[in-house]
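Both of the next two complexes hold chain A, though its partner changes from chain B to chain C.
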Partner chain A sequence: MEGIQKVDLTKVKPYGDTLNDGMVQMSFTLPVPYGDEANEAAKQLSAKMGFEHPAVVYSKDLGIGYTFFVMYGKCTHTVDYTTIKVPKVDMEVMDMDQVENFIKGKIKRDVVVVGGCTGTDAHTVGIDAIMNMKGYNHHFGLERYKGIVALNMGSQVPNEELAAKAIEMKADAILVSQIVTQKDVHIPNLTQLVEILEAEGIRDKVVLVCGGPRISHELAQELGYDAGFTTGSYADDVATFIVEEMVRRNLV
Partner chain B sequence: MRLIEIIRKKNYYTISIVGLAKNAGKTVTLNYLIEEAKSTGLSIGITSTGRDGENLDVVTLTQKPLIFIAEGMYAATAKNALMFSDAKLEILETTGVYTPMGEVIIVRARQGGNIQIAGPVSSSDMKYVTRRLKHYGAQVVFIDGAIDRKAVSSPLITDACIIATGAVLSRDMRKVLEITAYSVECYTLKQADKNIQQVLQKQPKTCIIKNNGEVVVPDIETSITGGKKINELIDERTAYVFIKGAVTTSLLKNIGENKFLRGIKIIIEDGTKIFADIKLWNELRRKGLTVEALNAVDVIAVTLNPVSPQGYFFDSNLFKSETKKYLPGIKVIDVLSGGDFDG
Partner chain C sequence: MKSKLNLNPELIDSARSAAMHIAEDTQEFIDKHTTVTVERTVARLIGVDGVDEIGTPFPNVLIDNIKEGGGLSRGAAFWIGNAMISTGKTPQKIAESVSAGETNITKIPIADENKIINTVYAAARKSVEKIKNNRAKRDEYLNTIGEGKKPYLYVIVATGNVYEDVVQAQAAAKQGADIIAVIRTTAQSLLDYVPYGATTEGFGGTFATQENFRIMRKALDEVGEEVGRYIRLCNYCSGLCMPEIAAMGALERLDVMLNDALYGILFRDINMQRTLIDQYFSRIINGFAGIIINTGEDNYLTTSDAVEEAHTVLASQFINEQFALKAGLPEEQMGLGHAFEMDPMLENGFLLELAQAQMAREIFPNAMLKYMPPTKFMTGNIFRGHLQDAVFNLVSIWTHQGIQLLGMPTEAIHTPHLQDRMLSIENAKYIFNNAKNIGDEVEFKKDGIIQKRAQEVLEKAENLLKDIEKEGIFSTIEQGKFGGVKRSYTGGKGLEGVIGKYEKYFNPFVDLMLGGDR
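After this line comes the complex of A and B, so read on.
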């Protein structure tokens, strides 16, 4: 068809009503009292962020001198989508039956997995989705797997307790979930576990996996983990990685 | 004496650079060392426990320093990091050591350029990889740390370490100095006597040694949860308590309650094994806690980064002179400005 604009993947920008119009909706709060001056401040700030024609479409007094804004603006920047490379866990995912058969055939004993949501984080949706028997979104959790002994330690588990439990149970894999954290506190929290495992001399004996919305496989490298799984991963992904890594590293 | 001369004189082969936080200036320190080593004609190998040389940080999205590898230098880096490098590299070996970014590969630069280094994530793999770098001809290997990970600086893995600290730790300079001093104190603990070292070489488990030389091994899986049991075994005849592995806050709390605290010496493996809360540590030291290390870590320098990516900075001269006051006898270098001419 003629007249239809083609997407240029080397210069991608937001889509609102038409291609490449750059329209963005965003919201934020400023510590200023509600009023015309507040709206002007929000507009000026949005302009500084690089938005053209910033507009306040909604603002609300939050009380005690704070105002909430919903803004529209046109983004003037583009990214080159064609040059983006994101490292991912590179494997063919097995389903539950395949993992169970893999354990039976190649590992020939129970695989012990200890997991928890560590540090200050009390949000267990991630670790529950991976570990709990009922699983999530039609993917059963690790507790359901034949040949896997899974212990979910729950929320706000101190790193030292997780490490001690892993030693006590002679764990083959440790799973750590970090969902909601502030000011990047999940980073030193995740590295501390690695350091304790190193100090205890068991880092080489376990498959160490982290997961959460702000975790990536790339970040896992920096943190010292064997793999990092982000939103959209299921027990199958994690189980496949654990059993294959165990065989590759000769931990059977 | 310049840093590189110290490394040569002491015949050190592996040097780890550990940071007290992200953006403390580890990679700037690495680049500084590379420059220094090049000027002395040393053959250098580089690697990292995390990932370095990419221009944007994966956590903070702040700019990171690039790493330039000159012709003849060696590097150990993961396959996927290699893809992002523009230096012309000769592949010497695929090591069989895996990281989230792929297998670690040992290369030599045939033509200089920027390189991304992502090395082994575990300490024992790191030890193996540094030996391979030596095998191919590297005379000194620099290991760039990651975030605040310190395990690689254990004397079992590397010969000496450099601690990178900076304004990023806190807006309050006092606090930065306090954390830095604590870390240096842990690293530079006095080494235990020769005779006790000999006893412990035969006893690689957490144990209690009495005045008469009798060794008691508590029935625990790990010292992390064994604090209470260890505590019960300490009495007036206890001379040493050897802690194998991690020395955690809860363990120290337990031992700190012991009424014979003043009469005993705690021996730990090395300074990288301490995970104690800084307040508790200082409190117990005041109460008379004595800690010695089986293996000493040689901290050959502390490097400073007076700039924080959060948009504030310290006066560079003041930061340096204050750090020197807090760390007598330790070489302090501001790697951003000036280097180490004044020793």
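After this line comes the complex of A and C, so read on.
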């Protein structure tokens, strides 16, 4: 028996049960009727995607002349892991107590945060998880933080109203949640808020953050935001970013 | 039915009686008011449809004209009837003439009042007859091709394009779905008009229009005949046009409507006076049309904690039940909502979910309970998600739920793909068949976790309802007791559309539809 192979990080491919076997499981639907020809079509398509030995392990008639497949195939491609760079919010995340102490020690006043789901978006689960007292998954929300005054404006908040409220409350940070991203509806909406804040002359005076399942830090920065948070982020992450950014930009 | 949960019937009666007083108290307010959408509904039901050259619906044009003339407190029916007598035109032609600027409806000389009433009632009876025929048609389908077993399998389509929706809906029906809901495009609830015609563009859903209803109804009748099962059509009777959507649904034979008394207030920031008035007429129409309403208590648990706030769901179910009874909705058409939304990592969470679902079943024995799947703790891990949905399905068959809104493994990722729906239907059918009579076989341990939990939730709900009875519904909402959302009496959208009624106000459809002529 040979010894265990070492991973070559310059040529990484999927792992099934043996290094570099390239095994990938996938499922999809083709708009063709169920049968042998459908399976063959799925295999040929997988081969074109770069899979060797594609195998249809299950297929099912979806009832309207379409077929669903569960497949395996061996991926022929590799990536060089050693050259990968992903822009992300670079910080040591503080927990609630640490953020509260940070505010007490370095900001010495209440931090005002205004947030909402803007535009047509009615899905508040993200902004609620970050802002509401209860928080999410045992991470308390910003409302709970001593030293943070948080206002969650809820769903379908027009950008104009969010900006007006931020001005009225002299907000230090604005949080925007976007869950619905079908047909990229979030892009013009997020952009419009930046334009409004610039027109009002307050873009430099606030920490501007967006979040949502399809939002990355990179996209957020492209659109003119200071940071973007995605699934798996909690109030701690957002709070840490806000207070550190305030100190960094001398907004205290 | 013997209570498996050992619930105290006196507590249930007390809670129900508190809810009844809450509804009665609110009804006094409702009876004194009307709204622009209630009056547009009267116009629609009396035969006004279509849009002008810039897409403004004629019902809006007509009602705006009456409002500007200061006549809305008398009710649109009065002015339409008067114009019919004076001009000899149909309501549609009158609306077109108002739109063209040729007629100012409140300036037409007033005819004899009895003659107006007779004219309007004669016209109103025709659409009431049409809706009755739709009911008969549905019954005929149910008696001939039949329907699926309960819990009905409910899936959504949401492509934005009604023609693409048809493809997805027919596929779902062939895979076993019993109810197809066409999700509305995001933000339609905030439009103070109903768009017109077939639509092919939408975000996260498809516009609710009468033409889209017609297209989908036809498609579901076709596929229903093919698969030998009546397929029910569901849409969303919520937002700023609740009664108008109800009227359109009644005319096009929809079968199920989301229609909550409080949802718009809490989750769409629609003014509370407006929504409470609107929900009343919309429910009268739904009740008369044989449409099952779905209430929205499940939504509370997307913003509040499902363990801590379970009693608010029960309290709201009691209130929704009483509001629905006021509007003439029979219990069998009440799809009272609740949801499987506890954190899946909670120890014995399954037992608490089971207790909640069984409790709803016992307290509302004849209601068509609508059970909503996990959404809040769906993570993108489609494999675990599929398991969560399976556990949800098990609770449902165990506790005899009425409508099962199927969870999708891809919840929290995207609107369902074709295969997601198939996998979810397969999941439910497997469990519903494999554990079919589990609820008839298994009883719960006396004073065990399940019994104790249900008793505790009932007790808290009863307390809450008694508080609300003292405070009134408006002040309760202002304090944020439902879903943790606070709304003010005069805040939110649509208050400008609320109008006090003049003593001679009348709406023929309330009489005709509540009047027992079923």
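Keep in mind that, in the parts below, the second predicted complex is superposed on the first by the 239 of 252 C-alpha atoms of A that agree within 3 Å, B and C clash if a C-alpha of one lies under 4 Å from a C-alpha of the other, contacts with A are read in each partner's own complex, and residues count from 1 in each chain.
Convention: a contact is a pair of C-beta atoms (placed from the backbone, for glycine too) under 8 Å apart; a residue touches a chain by one contact, two chains touch by 3 or more.
Predicted model, so just to flag it, every value in this text is computed and none were measured.
Asker: I'd like to know which partner A:20 touches here: chain B for first, chain C for second, both or neither.
Answerer: A:20: touches no partner chain.
Asker: If you stack the two complexes on chain A, which partner ends up touching A:221: first (chain B), second (chain C), both, or neither?
Answerer: Only chain B is touched by A:221; chain C is not.
Asker: Please indicate which partner A:78 is in contact with in the superposed arrangement: first for chain B, second for chain C, both, or neither.
Answerer: Once the two structures are laid over each other on A, A:78 reaches no partner at all.
Asker: Which partner chains sit in contact with A:230 here, chain B, chain C, both or neither? Use first/second/both/neither.
Answerer: neither
Asker: Does the superposition put A:154 against chain B (first), chain C (second), both, or neither?
Answerer: Once the two structures are laid over each other on A, A:154 reaches chain C alone.
Asker: Among the partners chain B and chain C, which is in contact with a greater number of residues of chain A?
Answerer: Touching more residues of chain A than the other partner does is B.
Asker: Which chain A residues lie in the overlap of the chain B contact set and the chain C contact set?
Answerer: none
Asker: Tell me, which parts of chain C touch chain A in their complex?
Answerer: 160, 167, 170-171, 174-175, 186-187, 189-190, 203-204, 267-269, 302-305, 343, 375-376, 379-380, 412-415, 417-419, 422, 484-485
Asker: Please give the residue numbers of chain A that touch chain B in the complex, ascending.
Answerer: 85, 87, 89, 160-161, 163-164, 167-168, 184, 187-188, 191-192, 194-196, 198-201, 203-204, 216-228, 248-249
Asker: Looking at the complex, which residues from chain A come into contact with chain C?
Answerer: It comes out as residues 27-29, 60, 62-64, 66, 68, 120-122, 124-125, 128, 132, 134, 137, 154-156, 180, 182-183, 185, 213, 231.
Asker: Show me the residue ranges of chain B that touch chain A in the complex, using the header's touch definition.
Answerer: That would be residues 21-22, 49-51, 58-60, 78, 80, 83-84, 98-102, 118, 121-125, 146-151, 154, 221-222, 224-225, 245-250, 269, 272-273, 275 of chain B.
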